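Next come two complexes, and both contain chain A; in the first it sits with chain B, in the second with chain C.
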Partner chain A sequence: MKRYATVVARCLLLLAVITLLNFFLIRLVPGGPLEVISRARVESGAAPLSDAERSMFARYYGLDQSLSQQLLSYGGMLMHGDMGQSTFFRRPTAEIVSQYLERTLLLVAAGLLVAVGAGLPLGIISAARRGSLFDSSLLVVEMILHAVPPFLIATAALIVFAVTLHWFPVAGSAAITVGESSFTSVLRHLALPALSLGVWESTTVYYLTRNAMVDILGEDYIRAARAKGLGEHEVLIRHALPALAPALLARFSVLFGSAIGGAFFAEQVFSYPGIGQLSLTAFQNYDYLLLRGIFLVLSATMLAAYLAADLWLIRFDIRSGERT
Partner chain B sequence: MNIPRRKLLHLLAALPCGLRAASADSERRYILQHFVRDLPSVFAPISHAGPNWVTTSFLFDTLVWKNRDGVVPLLASAWEVSPDKRRWTFRLGNGARWHDGKPVTSRDVAFTFHYMAEHPVAIWSSEAVRTLEAVETPDERTVHVRTKAPSPDFLDAVAGTAQILPQHVWRGIQDPVKYLDPPAFLGSGLFRHLRTSRGEYTLLGANHDYFLGSPLVEQLVLKSVNNAALALRGGDVDAASLDSPLAAKQFSSEARFTVVRGPFSYYVTKLVFNVKRSPFDNRMVRQAIAWALNKQEMVRLALEGDGIAASAGLLHMDSPWFAPDLPRYGPDPARAQDLLSKAGYSRRGADGIRVSDSGKRLSFTLLQTSSSIELGRLAELIRDQLAVVGIQLMIQAVSVGPMEHLMETGEFDLALDGHGGTNNVQIAASHTDYPAQLYHNPALDAAYQRFTTSADDAVRRESAAVVQRIIAEDVPMIPLVNARELLVYRRDKGIEWFWTKGGLGGGVPQWWNKLALLPRPGQRKK
Partner chain C sequence: MTRRVPQIAGLAIVALIVTAALLPSGQSDGNPPFQPPDTSHLLGTDDLGHDMLVEVQRGARVSLAVGLAVGLSTIVLGSLVGGMAGIARSLDGPLMGMVDFFLIVPRLPLVILVSLYLRPSVVNAIVLLSLLGWPAVARTMRPLVRGLAQAEFVEVVRSWGAGPAYLLRRHILPQCRGVLLAQCILEARYGVIAEAGLGFLGLEEPTTKSWGMMMAYAFAHPATFVSDAWTWTVVPPALALVALIVGLSLIGTGLESRFDPRMVQHAPFKADSLSEEGGL
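And now, the complex of A and B:
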């Protein structure tokens, strides 16, 4: 129980530190929303903000308060589960972030599904046939795929399957409709970004699986199983695969983090309105509260993934302990 | 979501049907590539100003509008102005109705002006409506407006930009910025708001009761795409404006697309000097750099030849106030070197960089926003061209916000910047940031003051010319190039887009003029 509590407490402490860092780091960037408003007006041919308008906007958005006052009021809001109002969208930050995060998580989940579906079996087979032509060829292919930047894979998929063959849409997250989008249209729009992300992530899954499996297949208990006369299939399924789960789980959070990063590229290429695109909008418009909200939610999501993996591992260790 | 396996298989099998459904939709729809981040609110202070205003222009009408040649009636069928340009009278035409069927009256117009003055958060025209002294509505169709000072630009600044709001919707709204309920999008325009998916699209439906006729399309979609050229090819959008001449050229050989090479943009790229910092506080050095730069080479190499060298007076050559007889600079490296020598930088160091007698080297940092490939190329060309005359530049790419901050606080040497609005004299002298950050010239201010307050066209023309001459001679910044506006649209959709002279409203440099979506005499709906 104590180990569970330690892990949870460590995550909460980390979250608090990240929140504090987020608050100050964003404000270190020179400029602010007023410059952006003024700039946007001038670029469109209107007059820039007058001094009176600057003061009015600063008052309206609470930017006339000192940084410490803003930090205090932000802390107070968080205590009440309120992440504040986005200055750009003029809606609660939580509402906007959840809307975009939902799409990104869907993309990441679909991408990971593709990545695990392709990388896991290939990694297992490659490890089982270590040193064979299949293993060596696959290693080269995966190495090339791993070296290709994710946006290049995404752009190639976009040009071939959307622009040339017209099988999938070029942009968006669902069909344009007055009512709710159909599940089919969501799938159609998700397919290419998820496949691109999945293909890129599958190389990580492949390497993780192959390396872990190679280690496992070299263990004494595997050699003992083989010595008992068990077939290679039986050794693999009954003894090696159960040992693979904790090794992969321990790296799940790394995989998840990398998939979130990859999703940002896929969103940009496919104009997929997820959290990456939202971050760009928030940053371009110096929407401090929205940026803080995005960082906070992303940090919390990542920490939750770490926490889930850690808790799972602790549970597994305890069970192992009970068995021995 | 718990989906049975059989249902999932059924849905997967339906994917190609989704494709067919999309094709059926496309018969009724017209999709424009447009910047959509948020709901189409008239009061959206931070949303990108011009694009957001263009979006709301499909929902709301102004008193007057522009076609390809100039101002035309919209809600107002006629107008007149007193000789002193302080009293404007507008007569509303018959038949304009709000989307809920109620008639548009002069009271709505008066309400809008008062409301915008009280809530100065509308990105457009809120500043302008505060120059109004009184608004009277003697009857349902007549609006008298009196301004505090002569307002010769009233049609552009207010009548053509202030989108008229329904009084019965907005009367009780205290904070218009946060009012985003469905009635907030109820206007009198050509389209009704159906749905906005933030960051993705705004879907509009035809207003068949529109007083100028039913639009040519049933639905209009404004859609955000990161790569307009690919979206056109993939059939995701039907019309898109392109930044790159190279991308536009690829469409010109295809029969299904029409490529329109519009005018040279009001958007100007310019090299801004920090006139408070040595040696750029010396006009001779600034002029030397102007002589050293080769703008034609910039057009050829950075804009693929599709642009023009910008006027030294900042105003666009299509502006009604453009002064053609201004000084022209460069390329003349010998003259630039001569000026630099006279300014005290006669020696060259071993590395070829000019040095003053006190040992100060002509070596500087050039700030550049990392917003486009063209800007990057321009920065490199400036660096190379100035190296010839012994000036060294280090290019530093920054994003827009930090760049604005560094320029406002004077923490820069040189900056590669840009903006639109060069058809208006206001952009040349209206604010401390324009024509260049930190630059102040009382003679320029006086000329601009004469321009804005005089009702005499001859005085205004002469004042506008003085403004441009001062800028051209004093060189607080060097206007470099204006790129060409490029548009590609699908021919089979039956919509012919055109460029609006002077820009939409007060000067938004965009193609999407709603008049293109109204039938021309004898034209049938697709």
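And now, the complex of A and C:
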């Protein structure tokens, strides 16, 4: 019970730190939030804020109050799920973010499925036959694949499967296509972004699996299992594989985080309307309330994934080892 | 000897790119647009009539500069924080909490957020990527320093009254030179990948001549993929980028398996750092 409490407390602390960062980041900019608004206007071709406008904006956003009052009201808004109004979409930030996040989470889940489906078996085989021709050549292939940025993998998929073969739509998601039955449409639009994200991420899964498996196969209990006359298959399946799950689970948050980063690029190449595209839209339109909301929600999502993996590790009383 | 082949290959690739970047660059502007490769423009020209060969060469400078700066600053920060956490037990908790924070925070959204507040520039990119990169170095250094801190020769110096900072500087970190070099190369690799990603997403200054930006501009042009133009506007920067990343990976993982004691059982290499660093 104490271990659960520690993990939850850590996550809450991290969430608090991220929220504070979110609050203070814009106030650390030279000139503060008003300067950011003013510059956004200048860069989109309008005149800079006049003094009258400045005081109006300051009153509207509560920037004329003391810092502690502002922090309190920010916290109070967040408690109600209120993250302000997006200046570009002219709708509540929370509503827009949840709508786009849904599609990104679907993409990330499908991508991770592909990544684990490809990376896990290859990593296991590679570790089991360490030093063999298969292992060495796979290491080289994976290293080169790992060096290809996600947007290039996505581009290759786009050129081959969508532009040349016409198997899948070039861009978009089911949300903006009419006339196709929704479920198959969702899948068809998801296929290529998820595939390219999955292929890119699979190299990370491969390395994680191979490293963990090499460690496991070096353990004494594996040597004992071999010594009592078990075949290699028995050893691998009965003794080594069960130890792999916690090793991978302990790295789940890393995988999840990199998949979210990769999704930004897959979304960009396929114009898949997810949180990555939303962030770039917000960036291009100086919609800082929206971008701030996205950052907070994504941080919370990653914390939740981190928490879930940690709680799971404790529940099965698996020692995740010293966190180094 | 054969174990060194990948490292030598990596070194050759990186040396080639560094040499090319250091050569004086020719005139890029003022050519007819979308010329396929020929003798006057070996890699053709882009939609604005820039000579692609010159552009790719200029892109190498940005990539290498960002990689070098990120590599150096992350090992300084990382060995400082990881070293202090490893040697001073009382600092371990708070410092590693900080590392945890950077592990959890979604990197790309943070970069986009900061880019909105401070207009994007190469210097801002270097600072941001260094801030995001050092925790990985700290995580590698902490157990190494912890192990060395208990070694006899360190105990002896400690018994003479040496403080943690002195021990770290004079006795422990010099022992970690090899690992630090490997980490420097691997973080430089991270810097190169991330910088190209930022360019591709349009999060760099629009005038920066980087490989990521070149690809982003090519993608944005409607003619790129309906003609053969992509074979000379997208492929050269893409190949150069992949070559540099592969080269740095080969050197970095080679050094790592030579110097990091934990890697010995993982022949030919463990590539732990490759799996640790989660993209941008």
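FYI, the second predicted complex is superposed on the first by the 262 of 324 C-alpha atoms of A that agree within 3 Å, B and C clash if a C-alpha of one lies under 4 Å from a C-alpha of the other, contacts with A are read in each partner's own complex, and residues count from 1 in each chain.
The definition used in the following text is that a contact is a pair of C-beta atoms (placed from the backbone, for glycine too) under 8 Å apart; a residue touches a chain by one contact, two chains touch by 3 or more.
Being a predicted model, the structure only gives us computed values, none of them experimental.
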Exercise for the section: Classify the contacts of A:G257 with the two partner chains as first (chain B alone), second (chain C alone), both, or neither. Expected result: second
Practice task
State whether A:L25 touches chain B only (first), chain C only (second), both chains, or neither.
Solution key: second
Problem - Contacts of A:V36 with chain B and chain C, given as first, second, both or neither - result: both
Problem - chain B versus chain C as contact partner of A:F57, first or second or both or neither - result: first
Practice task
Applying the touch criterion given at the start, work out whether A:R91 contacts chain B, chain C, both or neither, answering first, second, both or neither.
Solution key: first
Exercise for the section: Scan A:G218 for contacts with chain B and chain C and give back first, second, both or neither. Expected result: second
Problem - Partner chain in contact with A:L289 - chain B first, chain C second, else both or neither - result: neither
Exercise for the section: Please work out whether A:F183 is in contact with chain B alone, chain C alone, both, or neither, and reply first, second, both or neither. Expected result: first
Exercise for the section: Kindly classify A:S271 by the partners it touches after superposition: chain B alone (first), chain C alone (second), both, or neither? Expected result: first
Practice task
Residue by residue on chain A, keep only those touching chain B in one complex and chain C in the other, then list them.
Solution key: 29, 36, 39, 159, 163, 268-269, 283-284, 286
Problem - Sites on chain A touched by chain C in the complex - result: 10, 13-14, 17-18, 25-26, 29, 36, 39, 130-131, 136, 139-140, 143-144, 146-152, 155, 159, 163, 200, 203-204, 207-208, 211, 214, 218, 251, 253-255, 257-258, 260-262, 264-265, 268-269, 276, 279-280, 282-284, 286, 288, 291-292, 294-295, 298-299, 302-303, 306, 323-324
Handout entry: Of all residues in chain A, those that touch chain B in their complex
Key = 29-33, 35-48, 50, 53, 56-57, 60, 85, 87-91, 96, 99-100, 158-159, 162-163, 166-167, 169-178, 182-185, 187-188, 191, 268-269, 271, 273, 277-278, 281, 283-287
Handout entry: In the complex with chain A, residue positions of chain B that touch it
Key = 3, 11-12, 14-15, 17-19, 21-22, 25, 29, 31, 37-38, 41, 44-51, 53, 120-121, 123-124, 127, 177-178, 180, 194-195, 197-201, 203, 205, 221, 223-227, 230-231, 233-236, 266-267, 399-406, 408, 418-421, 423-424, 426-427, 430-431, 433-434, 503, 505-509
Problem - Footprint of chain A on chain C - complex, ascending - result: 6, 96-97, 100-101, 103-110, 112-119, 139, 142-143, 193, 196-197, 200-203, 215, 219, 225, 230, 234, 238, 241-242, 245-246, 249-250, 253, 265-272, 274-276, 278-280
